Amino acid sequence: MSASPDTIPQKPVLLTGASGALGRVLTKALGAQGWTLRLTDRVPFPDPLPEGARFQLADLEDGPAILRLAEGCGTILHFGGISVEHPFETVIGPNIRGLYHAYEAARRERARMVFASSNHAIGFHERKEVLDDDCALAPDGYYGLSKAYGEMMGGLYRDKHGVESVFLRIGSCFPEPIDARMLATWLSYADLTRLITCATLAPSLGPKGSVVIWGASNNSRMTWWRRDGRDVIGWAPQDSADSYAPALEGKTSGNPVIERYQGGGFTALDYSRTEPTAR
Amino acid sequence: MSASPDTIPQKPVLLTGASGALGRVLTKALGAQGWTLRLTDRVPFPDPLPEGARFQLADLEDGPAILRLAEGCGTILHFGGISVEHPFETVIGPNIRGLYHAYEAARRERARMVFASSNHAIGFHERKEVLDDDCALAPDGYYGLSKAYGEMMGGLYRDKHGVESVFLRIGSCFPEPIDARMLATWLSYADLTRLITCATLAPSLGPKGSVVIWGASNNSRMTWWRRDGRDVIGWAPQDSADSYAPALEGKTSGNPVIERYQGGGFTALDYSRTEPTAR
Amino acid sequence: MSASPDTIPQKPVLLTGASGALGRVLTKALGAQGWTLRLTDRVPFPDPLPEGARFQLADLEDGPAILRLAEGCGTILHFGGISVEHPFETVIGPNIRGLYHAYEAARRERARMVFASSNHAIGFHERKEVLDDDCALAPDGYYGLSKAYGEMMGGLYRDKHGVESVFLRIGSCFPEPIDARMLATWLSYADLTRLITCATLAPSLGPKGSVVIWGASNNSRMTWWRRDGRDVIGWAPQDSADSYAPALEGKTSGNPVIERYQGGGFTALDYSRTEPTAR
Amino acid sequence: MSASPDTIPQKPVLLTGASGALGRVLTKALGAQGWTLRLTDRVPFPDPLPEGARFQLADLEDGPAILRLAEGCGTILHFGGISVEHPFETVIGPNIRGLYHAYEAARRERARMVFASSNHAIGFHERKEVLDDDCALAPDGYYGLSKAYGEMMGGLYRDKHGVESVFLRIGSCFPEPIDARMLATWLSYADLTRLITCATLAPSLGPKGSVVIWGASNNSRMTWWRRDGRDVIGWAPQDSADSYAPALEGKTSGNPVIERYQGGGFTALDYSRTEPTAR
Amino acid sequence: MSASPDTIPQKPVLLTGASGALGRVLTKALGAQGWTLRLTDRVPFPDPLPEGARFQLADLEDGPAILRLAEGCGTILHFGGISVEHPFETVIGPNIRGLYHAYEAARRERARMVFASSNHAIGFHERKEVLDDDCALAPDGYYGLSKAYGEMMGGLYRDKHGVESVFLRIGSCFPEPIDARMLATWLSYADLTRLITCATLAPSLGPKGSVVIWGASNNSRMTWWRRDGRDVIGWAPQDSADSYAPALEGKTSGNPVIERYQGGGFTALDYSRTEPTAR
Amino acid sequence: MSASPDTIPQKPVLLTGASGALGRVLTKALGAQGWTLRLTDRVPFPDPLPEGARFQLADLEDGPAILRLAEGCGTILHFGGISVEHPFETVIGPNIRGLYHAYEAARRERARMVFASSNHAIGFHERKEVLDDDCALAPDGYYGLSKAYGEMMGGLYRDKHGVESVFLRIGSCFPEPIDARMLATWLSYADLTRLITCATLAPSLGPKGSVVIWGASNNSRMTWWRRDGRDVIGWAPQDSADSYAPALEGKTSGNPVIERYQGGGFTALDYSRTEPTAR
């Protein structure tokens, strides 16, 4: 994609968690689009920096550092923090305190927040349910809880301070789908990049000031997630997990908890409910 | 109320935040009902201990201490933590980490959680809205956000571990209503006591395993909150703010933000949204 | 003093350490001048709030809270932190980290910093020396070192970010002088108030962007401190310790270290130099 | 260099930051001179230990550990801590608290401190200025500020406790100069070693008890730094960057801030002063 | 008691926990004996300071501060820290880390440690046992465990560094005995003072370098504790709880655990052993 | 060894420090015996997981995480924490706080604790002494002190809560002995595995509820350690260091402190006792 005025944000874009898997994908792709990126992570950035990008080591728990990094930015792509299930105490620092710092930064800069939320914020909905963007949050672990907290914090900052948020509930963002569940939840790197591009460039997030996006590619097996804000930001996924179906279709877990709930494997970690009740 | 087998829980009841205003009210009232109470707070209990009550100094942030305090308890009345708006960093320790410890205790003991949530977990709904118990969470500050987080953590512990929760969204629990808003939101101490009694003694919390209760007395001006789980636990408020109406009716803030939203004064703290959008 | 446009800052003024002795004096006096004050401290404000003043509990070590408190302010009167000698570990949090937060706030807001430095930042100069505002810093303890650090941080923020600073090296600011040394170092509350008023209202701090002020009243025994920036801000002290001289003149310590150095008693705390060398 | 009584300190020498670049250079060189070294760092020492050297893992923030390590030492070579610009919160622990521990150790042992300060403690002086050792401190970032703080702490410990200090303002200590600025600021490893040797062995630091040394080799382009204490300790640099001039002379940054100030690149990090004023 | 050379230690004496109950008793009594006292606590000293005494606020967890306070002292009376049962996390800071700082100070100064240990370090011995000073440690809670840890740390510092220790296992040191158990365990304030005096002034602690003292007055009901080091330091208690026997003899707890073990009430806190085994 | 009902614990076994040297040995060996293992460490497990084993990252300082990991376990093999001498501040977190969490877990689960204590808990006994399991604890450093603390905590949990403990005082557990001292202290991996197997499977720990085991193989040079609880658990070492004697016998340290005390090299670290007294 060649750079044109329409595809380049007017202000720099801050990307937290730049040294993580998705951070590196986005740095490369958005840098190639000619974006001015400010990158940060608590570990050094392992790749060559694209032109127009600056990287600074910082800890998400260091509030003043994060606030300063965001100065002048128009968008914050918040991909930093813990990205899988861990004990509560491991999650609270980067994902609760760190998130707060990111939102404070967005408020200060009147920047838009693009928050890497997760399907694990709603993972305890059953797979047979069809969810719209106003479904109840139903986290499936401490990680998912931190993402649900983030969406609510986004609501607070929207309602009180007018901060815009794109809540991107990422399904499974990997180079390729690797099990049957991902036939539904897979989000290709290219679709992620397009999504972030749209989320950043969309002139408005609608009258409410925030949108939820179900972060899956155009997978015909994705029947759980329906209405969301993709039209508001102009995103349409172009890839699909369907071609992987023959190879993966039977690759299920055999665990009834995992297969019952949208959150998959995370829901079964430490699962101890003995008499499942209807939701 | 004289003690009868039906009104005394079979197992001890842990009350956190015992030295706070509501904690002291409940200690006195539940103690008088003959309950076996385990009290804790991070400051000493200022009143005489009722018979059957034990108090232990502990910090909600000290997980192993809280877990041990709860051993053998059948119900946790979680009233501890910060109870008004404060900076994020002041709230996170007692209200996020401390809450987690309370829920871990409930899970370990297979105890029921009665969680002192707050109207501030939904404070950014407008007063003209009518909310049922499945309304979206809409916190009005860091305090309210910690309460919303608590309700979601309760959902997680219910879905994953079968922990029962009563989410008590307290309106304004004071000796008397003192302004016009409280004509709607006031919860009398006696109604609170009855509510906690019902929440603790109810044989079941229904098929879902959790209920939301709107914590207001029988105030005719309370038109914002409608359906909740009171029938499930058998609670009906008996007091009313109505008799205070002549004295308080005009006692409004004059601040359009405060008067617009259910959360009242908390919504206006640091409010900076310049173009309020429709919700 | 009645309020006039010339004596009221255009933007709100943040006062840290508002609940301390000098903070309370300034709150009362500046509030009476009609200033819009934002007050903060980590303990509640003990007096009635003047009209136009708001108080918020916050810890100087909580960076994001301090940064938010300063939003929209044009001047920061930084009187918070430890104000006497204490072990290093007691000083570092409020006076080093807390100061950094105050300067970050000033930078963000392009506000002027009026920093309550101290004679203890230069306390190891001898009393027989005559110091101008470009004298070397010579702290006389961990407290004084934190003030010297603050002046240097002010220099950094001036040189790198253009933040203006008034470095107010307070002598002894008490209701009355109480020993012989204070015949030189005493700063009356009224002179302090005038000084802060001038420091805040001065249209410019000169070409350099910062001034040092020797914070003593018009005491004829003050022979140690000479050139400073008072003309730049238009301050002239009006009170004098001289009338206390008959009562206090002989009230010296008898300790040669104390009597030798400008810092007085602080210099002698833990003093252990066995062979004093010339400076 | 073969060991002779004149070149070996009577007491062991503590070297902090031993596992860093300069620490390793010094360990090898001083060990080869027959010195008794006590080495410490928070990461293991990566090289073979010279005879007479002991290494112990310790964190500079662990005061009692540092104090014990220094027992019996006559000199502390304080090279530990962060050595480039980082956010304030990253710097404060090792460079402020850690430094305090090093000075407490020096006081306890009546040891001489050789403090690895930096040109960044005075980096906001312009290159056209000529500085003597009594020039004002002018740090160019949080790192430089920690070094300036260290020099002032050294002054406090000298004035109050008689602790001797060599404040070594290192220019650019690398195997070779690599840009035009280093033609002025380069300090060869051999000159560093000679400097440390002199600083340690000098019988006296003069009447004042402390000296500042400009840490650059004998570079003819070094015109910024003039008078210092080298004669007091008997050091004369023997290497020179001059021979690198043909290759490096044009290798400048093109950034007017960098080229204007002595601190070079560090001064430009986050530089935001819009109307540079005269100093 | 008038001061004579034999009753005044040659070096200053550091007393930690000076603002506590026993600290205040000792400050008054030892000050009256003409001792040079250095007092410290984390809260201000509430009484008038005796002549020759200095007080400094410090936290036992601040190692360098404690180490400096002890400089030049010949004896450390370590009465600081938590003095009753509390959750582990409350005890670890002051009683484990703080104790370490006190022992480091003793090592540095080659000072004698007089450590306020407790009968709770051996509280799980049965009352029918007769203990000598070499009995096994048997702590009865986290508090007692911290005291047992202290005695073992004292052993380490004795064996490795030659630090002398008096391990004073205090029974019940109150103005008067107040229950039947204290008829055995009571230590009068006067006997405590004499004990501390002897512990400080004893020229030697015997060949081993440490002694254990059972801290009870001359109570005829004290049959649990037998051999100790009192002859080594020349202490003989002069008071007795016997005269309180008529009033207190029946004042027992009725709790078989409490009455079985020497530690009394502390042993029964959270006691949960269901099948007590023989020790 | 093939799995039989008698050799497989009825409940899962928690192993802390699983990623350490001994943890890996035990994981492999116990896993091969068909045990259901729950493994944890703060760094990932580097080997393939045996069937029936689960690994979870957790920090021993995270109490609630450790308590949850232990749920349902019948035995805790506590091998986590620091395993060599380090500064106090490095040891206290994992070895004091972490140990407390392990014991809390054992109490909660009514599980047996098999605690990896160390000869360094008694290292300051002389080699010429013959120790039985009731010998006095005599730690030889902060590490050994943490192990002695652990044994005393085990006593507290036994006496107060009925928790069973095997205190395994490991000598030198390495693939092979590598110096003369290890001819006495060596414990082969196979003997360790058998020991842990016996400690876990023993139906009872005798009337007292705890045993001490001297953790050395069947070495004829081991003359220091005599009576212990091996018969109670049915352990008999089968390997011996004797065959290494010809190669190692002269491999002594030459340091009289090391050679005098059982703790060997650890006793000499920082050793400063100038006049060794008899013990």
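The letters A, B, C, D, E and F name the chains in turn, as written, and every chain counts its residues from 1.
FYI, a contact is a pair of C-beta atoms (placed from the backbone, for glycine too) under 8 Å apart; a residue touches a chain by one contact, two chains touch by 3 or more.
Keep in mind it's a predicted model, so treat the numbers as computed, not measured.
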Co-neighbours of chain D and chain B - touch as defined: A, C, E, F
From chain A, the most remote chain by mean C-alpha position: E
Candidate from C-D, A-C or D-F with the same interface as A-F, over half of contact pairs in common: D-F
Copies chain A and chain E - rotation angle from C-alpha fit, nearest 5 degrees: 180
Shared interface numbering between chain F and chain D [over half = same, under half = different]: different
Greatest separation from chain D - chain, by CA centre: B
Centroid distance [mean C-alpha coordinates] between chain B and chain A, Å: 32
Between chain E and chain D, distance of the C-alpha-averaged centres to the nearest whole Å: 48
Geometric centre distance via CA averages, chain E-chain B, whole Å: 45
Multi-partner residues of chain E (each touching 2 or more other chains): 64, 68, 88-89, 100, 270
Chain-chain contacts as defined at top: A-B, A-C, A-D, A-F, B-C, B-E, B-F, C-D, C-E, D-E, D-F, E-F
Residue numbers on chain C that touch chain E, as the complex places them: 86-90, 270
Partner chain E, residues of chain F touching it in the complex: 88-89, 92, 96-97, 100, 107, 124, 134, 136-141, 144-145, 148-149, 152-153, 155-156, 158-162, 207-209, 267, 270-275, 277-279
Residues of chain D touching chain E in the complex: 63-64, 67-68, 71, 100-101, 104, 108
Chain F-facing residues of chain D, complex: 57-59, 62, 64-65, 68
